[in-house]
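In the two assemblies presented below, chain A is common to both, partnered first by chain B and then by chain C.
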Partner chain A sequence: MNPFCRTGDHLSRRAFLKGAAVSGGGLVLPNWGGLAHAKTAAEIASKAKKRCILLWMNGGASQIDTFDMKPGRPTGGPFRPIQSKVTGLQVCEYLPKVAAVADKLAVIRSMQTHSPDHPDGIYHMHTCYKMSERTPHPELGAVIAKYNGDLGSDLPTFVRMGSCGNAGAGYLGPAHEPFSLGRDGKLGSFSTPYLADDAEKKRADLFRFVESEFAVDHKAEPFASHRTAKERAWRLLRAKAVFDISKEWPTAKERYGDSDFGRGCLMARKLVEAGVPFVEVGQENYDSHADNFVCHKANMQLLDPAYSGLLTDLSERGLLKDTLVIWMGEVGRTPGINNRAGRDHFIRAWTTVLAGGGIVGGQVYGATDADGKDVKENPVSEGDLFATIYKALGINHRAKHLTGVRPVWLTPEGSQPVKELLG
Partner chain B sequence: MPRVRRLTIATVVLAALLCGASPARAGDESLRQLIDSEVKAGWAKKSIAPAPKSADSEFLRRVYLDLVGTIPTHDETVAFLADKEPKKREQLIDKLLADPRFARQQANVWDLVLFGRNPGNIDATRKRDGFKVWLTKQFAEGVGYDKLVRELLQGEQAGSELFQVQFRNQPEEATIAISRIFLGTQLGCAKCHDHPYDKWTQRDFYGMAGFFVRIVIEEATAGNVKTYTVAEKASGEVLFSGAAKDQKPGKKGDPVKPRFLGGNDLDEPPTPKDAKEPTPKAGVKLPKPPFSRKQKLADWVTATENPFFAKAVANRVWAQFMGRGIVHPVDDFQAENKPSHPELLNALAERLTANKFDLKWLIREIVNSEAYQLAGTGSVTDTLPKHFERARVRPLTAEEIVLTLRTATSYESTGKSDDQSMSPNEYFMRAFGEPMNGMGDFQGSLSEHLFWNNAEQIRVFARRKKGNLTDQLLAATDPWEKRVERLYLTVLNRPAKPTEVAKFVEFIKSDAKPDGRVEDAVWVLLTSSEFRFNH
Partner chain C sequence: MPDLTKPTQAWTLTWDADWVTSVAFIGSTRKVAAGNNLGGILVWDLPEKPGGDAPKPTLRLDGHTNCVSKLAATPDGKTLLSASYDHTVRLWDTSAVPTGEDKIVLNAMAIADAERRKNNGAKAPPAMPATVGVVKASTAFDAHKEWVVNLDLTRDGKTVISGDDGGHVIIWDRESKAIQKRWQVKGWAYALALSSDKKQACVGERFPLVFDGGRHAAIKLWDTSTGEATKDLSAEFKGMHMAAAAYSLDGKVLAVGRGGESDGASGIVTLLDPANGKKIKALTPGHISGLTDLAFHPDGKHLASAGRDTVVRIWEVASGKLVSEVGKSRGGQFKDWIHAVSWSADGAWLAAADMAGAVNVWHFSK
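And then the complex of A and B:
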């Protein structure tokens, strides 16, 4: 018996044959070759940096109808609150499964932000800067890809499905750009090689020969960058099997709910398990200026199993402590109900939710007044939220970069991570 | 020693002006000789051993790309390499500068300078064919750079107005862009607070903004087409209310008199007390104001006495060919950022001014210098060598990639040249448009390489089609060795090494049917670093 490994660390035969390595904790590891140098699979898993999943509620979910109920108030609406697993935390009656995992959630009820519409709100909540600045700020995913990702891995470092951000990788550069997946896991454009495998391989070998000839006399950085990016693309094309969830889906849909969003959440779990540091999954659509309650009831019926299923899945696999899950949209919704039974955009007091990644769960941070018209205590700005997220992920929230000659920081000056959330 | 040299140049220039002759070849030193002596002096001071002179093939490809935005054909390559004329490089440069593609390449370069890949008011400025036509015409007609900038700042010639449409209703953005591009000065920091390390204050910033605050972009729609006019009101002031962090809602500011950067306040007649701004009417153009700040600014920016203008453009054109400005970054002239070769920069600026801002003349001198013609090989790994001791490396732009793919594969000969546009479409722009990070470093990306690897739009260049390169290679009857040599001369514009010939022949012969293999061989060269960059 090998003294360096335990039975649990041994690779499952099926996984081995698939070309993936599975650690005792169920972590599927990229770069099969790397395993040969490590003592145990668990050691590799523990060296991996923290990961993040962003559940993007496109259109802006209503806080009063989800996580910040106002029962009996004129702004409360027809939904009723239910008691969650955590005393003092009530959620909407249409989120019963989420209520059962409330001990993992940190509900921030005091978001107070500055961009009220969709394009600017999406930009602001993805970059924590205003769109009007015309500085090419990177999205949350690009920052996490750069700091917590490994450009040598087989999979992209910034993956997204469905509605998402509109800022891209900004001044961090195209190496950290987002990689889009279709809702059903189909890869984006230009992801299907037109050559058969063996012809691809032969062509790739010829390319490597040409490059090595050129590299003898030409040593500038861009040449290396060009080569490594091409190898990265080839590795991705070979690792495409990870994106296929068709075998796992029939059982998983019991847990995640049979919806596009549910599939997206399962895919996110699979990808962070395989080492992708950031995955964004968008849910359509919460922009209920009319028929707010019909819209939210329908959306919550998809959100409830998918969100709770994702958290449970991550937790069971021992991944939740290293994976931060963010629930947010670009804006909240008005406490006042308009004449079309809708709620409009509202940025003065709304809710985002954090879970996992070392966040202290089972708590409510901040509070709104009785009608939800303003923040009563502990307002949280975009910068504060991002500072908290970066700190949880081990990233310096005041890291400085240059765009042209102008210095820029990951979060605006004065942004503070919220201590209560980080424990 | 330097002072004597400068005096010599000044005398030469003065004498030439008095004689009415171009000082390029008159006097002690041509500019190209001066460039080389200055650059060599720089090496000597730092005990740097420069790269050797470039091989003919290296120079050939580089100068074609830099001057006409595409590579030479196979026949042009062979002819140049075989030519025994000692002055062949100089003659080639003359030929390329007279080529109509030179104007187009300059227009592409300057369009990117003036707009970037993500211009303001993008719905109006994204498609700017009219602007590009105007800009190409300026370069084709050899319009002096000072006249060109004057037209951009006036915005009265058809096509030129789109430059200012970027800054519609945003005088601060106009201030930042115009200072950066034409004056080589980063004023942006001084918008919200006094500049942290340079000498500019907020008053300097808003003093400049005063020149743009009266500009009105008028819009007219005819069918689907929007046209714009740069008009100017007779009144309107910039209100300045202090540092950005001290602002509160409702805080009004005080009007700031327009002031030329680093210079005097604008001498402006006071607005008469009973003056009224004409009411704007639909379809009626705003009349010209009695006093035009726009014109005064255009006059001041392009005046020969302007302390920033000539140096900024001389530096920028130098960087266009040498990789790095003498002041680097190219638009960041300030006390803390000293020029690497100050006398050279002064000479470039002075001589360009004396030559009526003729950019073609300046380019001819730079490209004929030994410094430009250094090899790209050498031990220095910098992309943009600081002392110009080795040729710089730059990625081909999206525009150049499209043209170069066409030339390399004889795409025109397939008779299908219309369906693939000659300017980059949305996919090419997405893959190749913006390959740099915020600091100007090149980064390869997944989307670029997935595009190279899998896109039909790339494959169409390599796949056999009657008349194209792959077809020519397959239809030929000479031995494969000869055909591979032809392949290298066509795509990489150089002779193949024996190892390369052997490897490629082995690759092609590894399949009984060579069609796919030749296509793949062509593809490999098209996606190689050697092709992707100019070096």
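And then the complex of A and C:
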């Protein structure tokens, strides 16, 4: 017998070998052996609650150059509108494929928000709370992971790729932290093991034993987070095949467009199909303070096939009714065009788009004035948008949590779901 | 020949309906045409000598429905060509008789802006009215299906090269509009120039994404008879989007300029040997935040460059020396652009298309 071990240590080790472990901090680690071969993943997916994909337009896409065009106005710019599939809804000429699926879209043209810059805007549009608050609010993805995810799944419940949110799981804790992929949906290099399977398992078992011993006298959140993350990483490796799009991509790129963002959207579809409740896919650099039209023209040529391809793919697979797809950035862009041929940040009147997940498509909600300088009807705040999103996903938008002894709610007081969007 | 070391500003031709985006002198005359961001084109007939009140435009050419990205005139002055974001190149008979007349206010935007701010004490400037003859007749070359961003003419004015945001480059006969050659580059065509002997073209390519693997920048020389690239210069200009290119009149020098907002004095002109693509020299200082246009002087020895810093520079090609700066830099990045420049046939006048809503005309005495 190892003179450095106590009897109880050996019992714990046997427990590890059986595939169950309980940390000294009381954190019940997921059962390694109990999960995740493909059939089980599919069973989980079939019982899953609603899912969500966030298409994040990092930098802030221009509403006047995409979904709320102002042709012929001084603020209009050189793009021309085209008629979409929905009577009365015009979109930019560089979104022809999106125009063809406009019957799935609910275009909210009346966003009026409160955080004008990038860090605060990204935070606010991921949490619906201002960054200046001391409470560590969780991102939309963490909330959905908590309420609609299955921690027993081998797959992470909150996945993101490309530019994305900056708040993380906040007060919901490490179990709901995001798992990041490469911009094009690729797994990191950690996913390629350098040991044989049995050696890898032995290594993992030893790690758990050592960690558990350490946790007896070190009961702190970072250590628990680390253990959680490691366990989840190992389980993820068992579901690694889900992340492989190499066989599907040669045909899928015709639909999604051959770009990093297109690959990310295909990955999002695969992940929600496998039961991941929230996936965020970021598209880069809409922050067009200069050369706005050149920037948006290039970005839209990637966005158009990827966004429309995702909606079509989800629809064809019967997934769209249970998958909410959100299109938004952190801010809109000014109606005025500056002397760098750019548009600057604008939060007084801008656009987000919802589709699927029970949202009533084929509609425009809210309106801006002739030049897009202000909201004319039905303003929508961050809180209202999030309330709508949560309601669509079956989550109580006024659910209460505690940080320490302080109660916090998922959305600010007064936030109301927009009924017209939910049908 | 005019003394290019001593520019004097002749006039500011105000036209503030929108950005002035293109400019060209017409043939051997002192007529200058300018196009703007709305698709409008005005023509001024400049007096023989600089100074005095700014002349008013005499003609308006109606037809384009979107930004006029480039203007060029045949050497005989009979035809003006205009490239536009409305997917067409229009050809205008410069001797066409107007079919109508219109009264315009050249500083209407300034007046409207002052009206909006009158509660803050802003005073509207006096109106600058003009009566222009309206010409609607033009023919259109409509083989492009995307924004036509650039065009160039051979010295004899008979052959045109035009390029668009679909990456399509087309060489065509100006009179018949028959396509002689076309090819497609990767991304969008940007800088564009045709050698005087028509045998070679220089095309800059771009797909201006940021942080995406699909971003593209290249510059190549092409054999116009085969439509094949003969020299890829992209390694020399890694990652740079070239906004303008121009062949010298004797065809021995090719000037290219980096555009498209980039940090610092990055809008550098580089002189190349078109026979082999080798770099001859770089002309410094570069334009702050990017270059927009290049134009060789009729004397064949000098080159004008314009940029996003609102200054036009005149260079001596053989030595690479900066001969003069025309206008003052307004500081770059937040201070408007000069979109385009054009020399008169006698080389004594330079017109610059100013984003602020004007054509600045400079004169060089002999």
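Note that in this section the second predicted complex is superposed on the first by the 336 of 423 C-alpha atoms of A that agree within 3 Å, B and C clash if a C-alpha of one lies under 4 Å from a C-alpha of the other, contacts with A are read in each partner's own complex, and residues count from 1 in each chain.
Simple rule for what comes next: a residue touches a chain if its C-beta (ideal position, glycine included) is under 8 Å from a C-beta of that chain, and two chains touch if they have at least 3 such contacts.
As the structure is a computational prediction, the values presented were derived from the model and not from experiment.
Look at A:R398: by the touch rule set out above, it reaches neither chain B nor chain C. Counting the residues of chain A that each partner touches, chain B and chain C differ, and the larger count belongs to B.
In the superposed model, A:S259 lies in contact with chain C only, and not with chain B.
Touch criterion met: A:L236 reaches chain B, while chain C stays clear of it.
Contacts of A:K201 after superposition on the shared chain: neither chain B nor chain C is touched. Contacts of A:H114 after superposition: neither chain B nor chain C is touched. Contacts of A:N299 after superposition on the shared chain: chain C is touched, whereas chain B is not. By the touch criterion defined above, A:K321 lies against neither chain B nor chain C after alignment on the C-alpha atoms of chain A.
Note: no residue of chain A belongs to the chain B contact set and to the chain C contact set alike, using the contact criterion stated above. On the chain C side of its complex with chain A, the touching residues are 37, 66-67, 85, 147, 165, 207-214, 260-261, 289, 308, 333-337, 355-356.
By the touch rule above, chain A contacts chain B in their complex via residues 134, 136, 156, 170-175, 177, 179, 188-195, 199, 202-203, 206-207, 209-211, 213-214, 217-223, 225-230, 232-234, 236-237, 401-406, 408. Interface residues of chain A, counted against chain C in their complex, comprise 78, 80, 163, 183-184, 258-261, 284-285, 290-291, 294-295, 297-299, 302, 338-341.
Interface residues of chain B facing chain A in the complex, by the touch rule stated above, are 118, 120, 173, 186, 188-189, 329, 332, 376-377, 379, 381-383, 393, 395, 434-439, 441-456, 459, 497, 499-500, 503-504, 507, 510, 516, 520-521, 523-525, 527-530, 532-533, 535.
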